[in-house]
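Each of the two complexes below includes chain A, the first together with chain B, the second together with chain C.
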Partner chain A sequence: MGVYSIYRYNMAELHIIGQIVGASGFPESCLFCKWGVHTGAAWRLLSGLREGQTQVDLPQIGEMAYWSHPIDLHYATKGLQGWPSLHLQVWHQDSFGRSELCGYGYCHVPSSPGHHRISCATWRPLGTWQEQLVQKFIGGGHQLRKPDLIYSGADRYRLNTEAMGTVELELDIILRHFDKYGVNS
Partner chain B sequence: MTDCWNTDNGEAVFRTRDMVKNLRIKVRVEKVTSTAALSQHLQHQVLSQQQDGGAIELQTLTSQGHKGDNEEELVVGWQEKLFSQYEMELFENEAACQTPLERQYHLEVKALKKARGRRNRRIFTYTDHDRYTNSLPFNQLQYSSILLNTSKSWPTFLAERMTSLRQRGQDQQKIDCGVPKAKIINWEPTEEFVRNTHVVNNVMQTMHIMADLGPPEKLGQKENECLLVTIKTDGSGTVIVKPDFNKGREPYRIVTGEKKEVWRLTVENASTVMKPEQKDREQNIYRDLYTQHMDYLNSLVGQDFEMPPVGVLRYLLNGEIVSAKGFEYDNLYIHFTIELPTNWSGSPNQSLSGVTHTCRTKPMGKEDVAFFSHLFSCEASYTCDKESEGTLLQWPVLYFKVLSLDSWQRCRTEGYGYLLFPAIPGTVSALRRFFIGGSPELEDISYVRIPGTFKGERLSRFGFCSETTGNVTFNLHCMQQARSFVDANMLRKKRQRVLNQLGGFSQQGAVSSVQEAFQRARKKMQEAQENLPKDLISSTSQLQIELSSQLKTI
Partner chain C sequence: MATSNPSVFLLSVNGQIQGANFPEFDHLYCKFCFVYGHDWVPTAGLEEGITQITCKGKQSPHTLIWNFPLETTFKSTNPSGWPQLVLSVYGPDVFGNDVVRGYGATHIPITPGQHTRSVPMFVPEPTWRLQKFTSWLLGRRPEYTDPKVVAHGEGREVTRVRSQGFVTVSFHIMTKDMKKLGYDVGPSGAENTPGWAAE
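On to the complex of A and B.
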């Protein structure tokens, strides 16, 4: 049982299985992360959630916040362009329940099969020095109007940012039928 | 007359997709008595004498009498309630019935008494609803000699907790695709809730098949009840039978009560088997279902994969500029360009250069680090033409320079560097040290590596002063695609298959002759490929595989 019938076509498929382990190096603890995967037009998501939000973690010991949030995606594609990439937003929830942005991070999903440990660096937009002073006291701060704008890459140079922490990810990549189309990775 | 006994009393786990209510179990208990053994022995003797052709005719000795007292065989269905003598007497009395279940039993007992009577005598069952079912493990806890060989040992704390669990389902909240819709956190758990959830508890429906093994005149004593078989199932197709079916081996041994009588127990699976036509029909339905699902998935994407033209290597680089550290000043940004050497071409609408955002550094360890996480990707194609066959393959280069921007909008160069595109596909994390060439800037950034105008044999940078500055970290994921990789993969697999088939003839000569045959076939295929017109080749690679298989048989 469970034997499939004859394949008529062989689609190229990609499995991304892993977790967002946690984040470290941020000035505040009590963090959560919103994540999403962005692909080109030729990619189709067969199963899995393409975006999500982790829980809020407040570390008792040490300074690394752990989420262990699962990522399980199955894509099929017609071409190599638009390889998936991951975008992350790290937010801080303060004691009053407000959320403020702690950093944006972007990374490509690896293209070679196997186990990958990825450290994604994050940065936060900065305003003028007056706005920075205000932010030091009452929080808040600038956010990107549309985080997807980053992917086009053209307007990025306009931004003034500061370096924040890093997000750790572990991803396992499984490719299927790519070698039938002559792809070496 | 010693029989062999089956001492393996462990439970057996079965998995099935069919419904549990189709389960039928045949149970047989048989007493091992001295008279029974003797009578059997005599019977054997007499029969063998008769077969030998002895002329004496004797009346065969059988101890008919009350044969049914010492053995019983019964087919029991799932959750089929069979009453013991004790229960028949108990439930006959209407006053003794308190719960609705007992009242129901009372009605059934009355109906049975009016009819022919029950079909079982010694063997009876406890179903999931009986209160005895839950307390049976607790009773057995006292006899913890099941596990250890000491006669006296006390059950541990965990063992007590496990047995006092209600085996029936807990109050489960509605769960929809794994995410509970009701509240996730229970802020004030009760004692019972804690007890139930701290221990692994698979909800199981249980059924016990028991036998009353007392003397035939005194049936109905609760002390003579003995557990024969326990059947447990959860909702998802797991069936646990303890002890396992005999399957033609020796029967199990039961020793009862004070008199220490020995009984033989045989357990068999008597469920009806599916007819082969039904099985075929079921397989066909499954197969159609899977094919439909595969067709649906395929229709989402389509069947053609974008391939580069023949003789072209497509190179795809997905990269990210991760961070920069160890530079003198703050507010860094990186300006990078990609240079493609001869025979390489990029797609027209992609830009080969980019600028990251400006980032203020933060101290990490001893150095100041700036984070960019700037994604870029580059797609380039390499065409190999005849004239450049002799020269070494040149890979594209990424040149970058790091600049700092201060609050007065002054821009100064912090360093230059270059990165060669990796030749082997995979993932590379590269660190690049820089150098800065004094305060004037480099006119031609390719001077960093090999200047574009360089034509000689030895590059001399004599007189060029520089100092080392910081590091920039890149992550590069590289993929290469070409039509010839398809043939290489297929040929490699075919070669492996033939070599495996050689098996015993693994002499050097045989192997090399096979390899030679492969080379010849490959050459023939390549020649045939060149002779074919162009439009035939640029269709799918299926044609090439067919060609190679045809040529191989020549």
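On to the complex of A and C.
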């Protein structure tokens, strides 16, 4: 217990408290979202779930799907590199229970303390025109083999994508001891 | 009130459950409760309650008003597990049974000051059409055994829901000793009283 308290006071801490509110602007309703938070090696997760999957929502009012998925993460860090980023995959579930990818998106967790409302735009990989025609009739479509391409820029130049809808997030950020290390945010 | 080395901070929540917007339903009441982590303890005020039953007014046919007061104070050593307000709205169906019209949850705002939140409300959806029909006929809709599950993220991936309304809640938030413990929650108003931060 004593070792743990020394560990905490030597490091800066970040709390991410909020919700994945929902999504809008997608061609289909009945959507769910797989999400995860990716950080660099200097960050350690002290409590909370760093990934999850929301419920499937079918909206009755308007076209925005609402998930209200809670996020409560507590990180400790020794450095600023690898600031947490949130990556999202929006999927559509049809009435037969099949899932089809609707969009990938990512956004950095805000670095200034306070309340933030974030709109994260999403994109979907595009195939050839023949594949798009097939996709129009029976669904499906391309998916990334390695999802880390969502938040890395390394091999993006090989991709052809189309724009999809946006995911709304509300995040509250609490910083601790960052000012002791001379960090301004 | 002056403490040199506080080990806990306080969060004071004042506000109200203003009302709701459910286009298809009327005669609704709302149950609320707070869900919080292991490090949190409520020190004053109610942890749960039920509002009155309200109808849409003739003047404003879309608005349901509860105007229900919320006054609770929490103390904690750790912002993890920040309290959430969990709401469940109930109303009568065509046959007079009391059925759930929506569940929803929102985190209590972290920054001192005035905030308004519009909380989307959803109900669990039966997967089979026959089940939908029998549940409508018998008035036994799918419900959560414990409404507090909507405040957690685990186990949601297997649920299908239908969002069908909103509840408006307003908060006035004050905190004490968060700055002394090293926590920065972002911009708030001028600190008139030592220790308490409010706008």
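Everything below uses one rule, namely that the second predicted complex is superposed on the first by the 172 of 185 C-alpha atoms of A that agree within 3 Å, B and C clash if a C-alpha of one lies under 4 Å from a C-alpha of the other, contacts with A are read in each partner's own complex, and residues count from 1 in each chain.
Definition applied: a residue touches a chain if its C-beta (ideal position, glycine included) is under 8 Å from a C-beta of that chain, and two chains touch if they have at least 3 such contacts.
For clarity, every value in this text was computed on a predicted model and none was experimentally measured.
Enquirer: Does chain C touch more residues of chain A than chain B does, or is it the other way round?
Expert: Between chain B and chain C, the winner on chain A residue contacts is B.
Enquirer: Considering only the touch criterion stated at the top, classify A:D179 as touching first (chain B), second (chain C), both, or neither.
Expert: both
Enquirer: Per the contact definition in the header, classify A:L80: touching chain B only (first), chain C only (second), both, or neither.
Expert: A:L80: touches chain B, not chain C.
Enquirer: Kindly classify A:M11 by the partners it touches after superposition: chain B alone (first), chain C alone (second), both, or neither?
Expert: Touch partner of A:M11: chain B, not chain C.
Enquirer: For A:L46, using the defined touch cut-off, is the partner it touches chain B, chain C, both, or neither? Pick first, second, both or neither.
Expert: both
Enquirer: Of the partners chain B and chain C, which touch A:E162 in the superposed model: first, second, both, neither?
Expert: first
Enquirer: On the A-aligned overlay, A:G25 touches which partner chain: chain B = first, chain C = second, or both, or neither?
Expert: first
Enquirer: Just checking: does A:C107 make contact with chain B only, chain C only, both, or neither of them? Give me first, second, both or neither.
Expert: A:C107: touches chain B, not chain C.
Enquirer: Touching chain B in one complex and chain C in the other: list those residues of chain A.
Expert: Residues common to the chain A contacts of chain C and of chain B are 46, 112, 179-180, listed in rising order.
Enquirer: Give every residue of chain A touching chain B within the complex, in rising order.
Expert: 1, 3-5, 7-9, 11-12, 25, 42, 44, 46, 76-81, 83, 85, 104-108, 110-112, 116, 119-123, 126, 150-151, 153, 156-164, 166, 179-185
Enquirer: Tell me, which parts of chain A touch chain C in their complex?
Expert: Within the complex, chain A touches chain C at residues 15, 17-19, 21-22, 32, 46-49, 52-61, 65-66, 68-72, 74, 93, 97, 112-115, 172-180.
Enquirer: For chain C, which residues count as touching chain A in their complex?
Expert: 23-24, 37, 78-82, 84, 104-107, 109-111, 115, 119-120, 122, 125, 127, 150-154, 156-157, 159-166, 181-187
Enquirer: For chain B, which residues count as touching chain A in their complex?
Expert: Counting only chain B, the residues touching chain A are 283, 286-287, 290-291, 294-295, 297-298, 300-307, 314, 316, 318-320, 322-323, 331, 333, 354-362, 364, 369-377, 379, 425-427, 475, 477-486, 489, 541.
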